[in-house]
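Read from first to last, the chains carry the letters A, B, C and D; within each, the first residue is number 1.
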Amino acid sequence: MIRAAILGATGYTAYELIKLLLRHPHVEIRCLTSRQEDSPHVSTVHPSLTGLLDLRLTQPDVQQVVDLSDIVFSCLPHAASAESVAEILAASDRIKMVDFSADYRLTDLAVYEHWYGVTHPDPQRVGVTPYGLGEWFADSIQEARLVANPGCYPTSAILAIGPLLKAGIASPQDIVIDSKSGVSGAGRSPKLTTLFPECNESFSAYGVGQHRHTPEIEQVLSTLAGENVDLIFTPHLVPMDRGILTTAYVRPKGSVTQEAVMAELRKAYEGSPFVQVVDHLPATKHVSGTNFCHLTARIVNQRIVLISCIDNLIKGASGAAVQNMNLMFGWDMTLGLL
Amino acid sequence: MIRAAILGATGYTAYELIKLLLRHPHVEIRCLTSRQEDSPHVSTVHPSLTGLLDLRLTQPDVQQVVDLSDIVFSCLPHAASAESVAEILAASDRIKMVDFSADYRLTDLAVYEHWYGVTHPDPQRVGVTPYGLGEWFADSIQEARLVANPGCYPTSAILAIGPLLKAGIASPQDIVIDSKSGVSGAGRSPKLTTLFPECNESFSAYGVGQHRHTPEIEQVLSTLAGENVDLIFTPHLVPMDRGILTTAYVRPKGSVTQEAVMAELRKAYEGSPFVQVVDHLPATKHVSGTNFCHLTARIVNQRIVLISCIDNLIKGASGAAVQNMNLMFGWDMTLGLL
Amino acid sequence: MIRAAILGATGYTAYELIKLLLRHPHVEIRCLTSRQEDSPHVSTVHPSLTGLLDLRLTQPDVQQVVDLSDIVFSCLPHAASAESVAEILAASDRIKMVDFSADYRLTDLAVYEHWYGVTHPDPQRVGVTPYGLGEWFADSIQEARLVANPGCYPTSAILAIGPLLKAGIASPQDIVIDSKSGVSGAGRSPKLTTLFPECNESFSAYGVGQHRHTPEIEQVLSTLAGENVDLIFTPHLVPMDRGILTTAYVRPKGSVTQEAVMAELRKAYEGSPFVQVVDHLPATKHVSGTNFCHLTARIVNQRIVLISCIDNLIKGASGAAVQNMNLMFGWDMTLGLL
Amino acid sequence: MIRAAILGATGYTAYELIKLLLRHPHVEIRCLTSRQEDSPHVSTVHPSLTGLLDLRLTQPDVQQVVDLSDIVFSCLPHAASAESVAEILAASDRIKMVDFSADYRLTDLAVYEHWYGVTHPDPQRVGVTPYGLGEWFADSIQEARLVANPGCYPTSAILAIGPLLKAGIASPQDIVIDSKSGVSGAGRSPKLTTLFPECNESFSAYGVGQHRHTPEIEQVLSTLAGENVDLIFTPHLVPMDRGILTTAYVRPKGSVTQEAVMAELRKAYEGSPFVQVVDHLPATKHVSGTNFCHLTARIVNQRIVLISCIDNLIKGASGAAVQNMNLMFGWDMTLGLL
């Protein structure tokens, strides 16, 4: 058994992570932190955990975290997360970490500071921390002490488009990524925009042309394509708790059949238990509460239309983090996730 | 044409009131107030009104309100509302007002101050202001300069139980009122409890034994019964925008048939166009966006089970306010409401 | 007062049409038809209409329909609708009709028969019946005895993209139309795919590359562009009752600023009260229950991203039908719709 | 490892049962039956199971079921279920069975035939088959070859009220049970009443005074009380996928404090890991996807108000079935359920 700590344990991704770790055969949750004054019991913050975990959330304390854990998951906001990562990795060379924030995803410091509007607290790890998408970067993840857990939208987009760029079937130009997400993606802090009567029975686009996941998608797809990609990414808010469906429109290099595209997708994910290439049109409900991605493709009017579904809180966050932990500790990628 | 002002115009009831008044043949909206610094255009606060009303929200100013209006609707919180009512009625003896808050509903000052935990700012109008339920108190409403608009839960409960108490068919003892409301009833201020991912796909009870509508229901039902009633009221939160369904369990005095109960309900609402006594089991969707109450009764195991549905924002708030205005100005009760 | 008949009065669009006509100052509903054996009262089929309309649904009978109406709205399925239209227009040269089906939208008989898989029952009216989008084709609608009411998706797409094609600002090539609709668009016949537990808390694409609204969008946009357009249309199902949001990606001809695009949109809809060009990102809730379209544009990575919202049952169906009726009878386009 | 068969594997309870059994350490699913002609793959019927279970649904065949299983779960409709149970138990004295239908819950044949309107196909097992509520009847369940899995509403009501009747704290008279359920409780057959646009954004009561779970609740509560109970049960439909919240109103025998009631509930469920007595007001979301029941009590106006929450598909059906299987095979009650 290894011991796990979770920093910033009050949000939705932390809650899903706790549920996954409680089912994991080799992990024991020993420390949960939060800035809340009164050190509430975890069942007060997450009533669903009543009777499942008897632990209080404590004020973040580096030494205590280090003493109580072998792996630390940071669910802190960007910048705050990198600060804690730097402190904890400095305090112990035994600890491994998975960072849920964007702090170590972007390899170009300038791009990070442009999109996030902050000075990076831990620049020397930028560009050398593996991007935690197990389906594509398992080798570097296995070696790492720190892994940058991918964003939810990037996961849905990269799993769909990546294989076709890597195989040279799709053009890196003119990519349109139209994504739709459940409301839990907006976090657990009360806001007017995510108040029930505001977003229920409504559908909207947001952050058009300005969403921070854009450079992340561009970077990883460019890596897989071996050249710069040119894309538009548009996120939308769906009146449901969880799930992301991404509809991507890519132009084939030369002519291609639907069969060839599907075959390429199947080949790319042969060894990847969590990506299921399906013939039917998937729905977010088909992967809700799971670490699976359901993916299909159609040829429409000489364009390739790719459709992928994930659970934004599991494959798009906490499930991916457990998958990364499994790789970092040399366990089966699926341990505790099926 | 008369001119209308709305105090506290940023919430859901104010929004519904604006939409109703825009359709009313004799009313023109001239003034909307809000404490917001920047005097936003109404279409910024309520985007649905784009192209329908060209008005800015202004800081509340008694003289301005008086100069611009013949009727003033107060959508302010309790206590704050009574303060404004007192000032406005003092500043002009021409103005009529409808108060959406609870400030003038309870006739006993001690009960008000016990349940609301404040000293009443305008005690002399307490007990002499008519309760604005047009189906039962039209005469006093027609004479009034100020009307206390009923609470949403009380409207659904009183319309259902009132006739049977008044007719002496139902016992005033052992009344159980189990009510279910959409989330808009909780208002438009961001709270964790009404954040989409918290209340979507969930159902809960709240304020059990402590909801402030309890004394209001007790008072009005006691008035109709001619003696004190004894009841339990339990509100619940339904994952939908709007609508209240109340299931009330009352004991008959002596034996009674379902036909007799239905006949009594039909008789009670013969002249009331907004209360429809139906044979089928009503759903909140049947009255959504309307000023109607759909009501039915069943006899189950020697008990009378009453089921009523209203739209909490219309018949439970803004529609009732327009109905009161129609009565106060001597117009047809249904004007602008069908 | 003119008299209206509605053929196929049991569905959602018929229900919305009834509610709109009940508010219309010049129209009286005299006849509702349905194939149902038992001639149910309209309040049995649509409980929300209890107390609002006292009429029974009757078996369709051409002579009766002709005798009881001046305008006939057909909400029948395709092919069945054209049959009735042909019979009714043959039986009286006084009657005007609005057809909700696709039977008279497509001007090319072969395209119609390819996409709908039926032989057209009334071919001589194909290609000569005006397309009922009042914002673009008011002149021909005013002259017509029969108008083809537009599809819901086409309305949302054409209102957004049309002005830029007509003005030559946008290229007719490479248009991507990604649309999202509420479940009422799938109709009122029970199906597994629209059963609550199947589509609630889920988001999916459907009919990718195969939706029958594709040729309709192509045809009307080609007319406005003055040349053939090349597009992909992908519909999605949103877990909400009503509303369509369309996100369209079009390539500008040469370089263009966001200001220029917005100015063109505003110019195009100067005289169109129902299309509101807004600066903010619209949500379907902003137009829910109304005949409005809210529309905006952004420039992202040298592409024009257009976002439009309508209520699929109102501006996408019944509101448009009333707007067409207003034009056909020479009334103000907005009569009964604000 | 034991082998499991599921009869009637296309519905929601069967789907949840499959997911639970896939996680169970001692069970292997070997047979799924359905009347569907084409023996579809389980992932066609339940797309969420893609990659998790490679099995086709087969036509029901007694010998095949017996050969392939050690335990058989019947998710067939009432009467059909008892027929299969009789055949299977006759064909092998090795097989154990859990019946999801109501066929063996009611101990009085006349009551069964009155409420279900059919002649019981297997009367000799009526009255001798244990009621599968592990919290109260574990001893008889452990000995049984056949267990009657409880109804969803009865589970929520009995877990709440049972302890107070058994302890003599609550009166068996005047019990009011007001229950609210998600839509999955209505099953997976397309119906107008559970079509998304009909029940979304709506709340309604149904089967008032006529729901078939009424005699089941009466019977089990009478058993626990040691005398006949007198109750009203009213079910309601909530616009959500899953979850039941029951609000029960019971009269105390003599005076009682909230502390005493809570203490009694805690005592009753000391050894029951799945029933959590909580101080806060529970929500259905707190138990969604789990086999837990969250339960609390309040004293209001000399009445005891009990509030319990379960997941209707897990603790109300498939989780309870696994809990029963665990008892029948002498395993820990919680195996595969945490």
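Basically, a residue touches a chain if its C-beta (ideal position, glycine included) is under 8 Å from a C-beta of that chain, and two chains touch if they have at least 3 such contacts.
These numbers were taken from a predicted model, which means no experiment stands behind them.
Colleague: Farthest from chain C by Cα centre, which chain is it? Let me know.
Modeller: If we average the C-alpha coordinates per chain, D ends up farthest from chain C.
Colleague: With respect to inter-chain C-beta contacts, which pair, A-B or A-C, contains the greater number?
Modeller: Answer by contact count: A-C.
Colleague: Take the average of all CA coordinates in chain A, do the same for chain C, and state the distance between these two points in whole angstrom.
Modeller: 40
Colleague: Could you please state the distance in Å, as a whole number, between where the Cα atoms of chain A are centred and where those of chain D are centred?
Modeller: Here the centre of chain D sits 37 Å away from the centre of chain A.
Colleague: What is the distance, in whole Å, between the centres of chain A and chain B, each centre taken as the mean of its C-alpha atoms?
Modeller: 46
Colleague: Give me the residues of chain B that touch two or more other chains.
Modeller: 182, 198-201, 239-242, 282-283, 285-286, 288
Colleague: With touch defined as at the start, can you tell me which chain A residues reach chain C in the complex?
Modeller: Result: residues 174, 176, 178, 180, 182, 198-206, 208-209, 230-232, 234, 236, 238-243, 245, 247, 249, 281-286, 288, 298-301, 303, 305, 307, 309 of chain A touch chain C.
Colleague: Of all residues in chain C, which touch chain D in the complex?
Modeller: Per the touch definition, chain C meets chain D at residues 12, 182-184, 188, 190-192, 194-201, 239-242.
Colleague: Please name which positions on chain B make contact with chain C in the complex.
Modeller: Spelled out, the residues of chain B in touch with chain C are 22-23, 47-48, 50-52, 201, 273, 276, 278, 280, 282-283, 285-290, 292, 294, 338.
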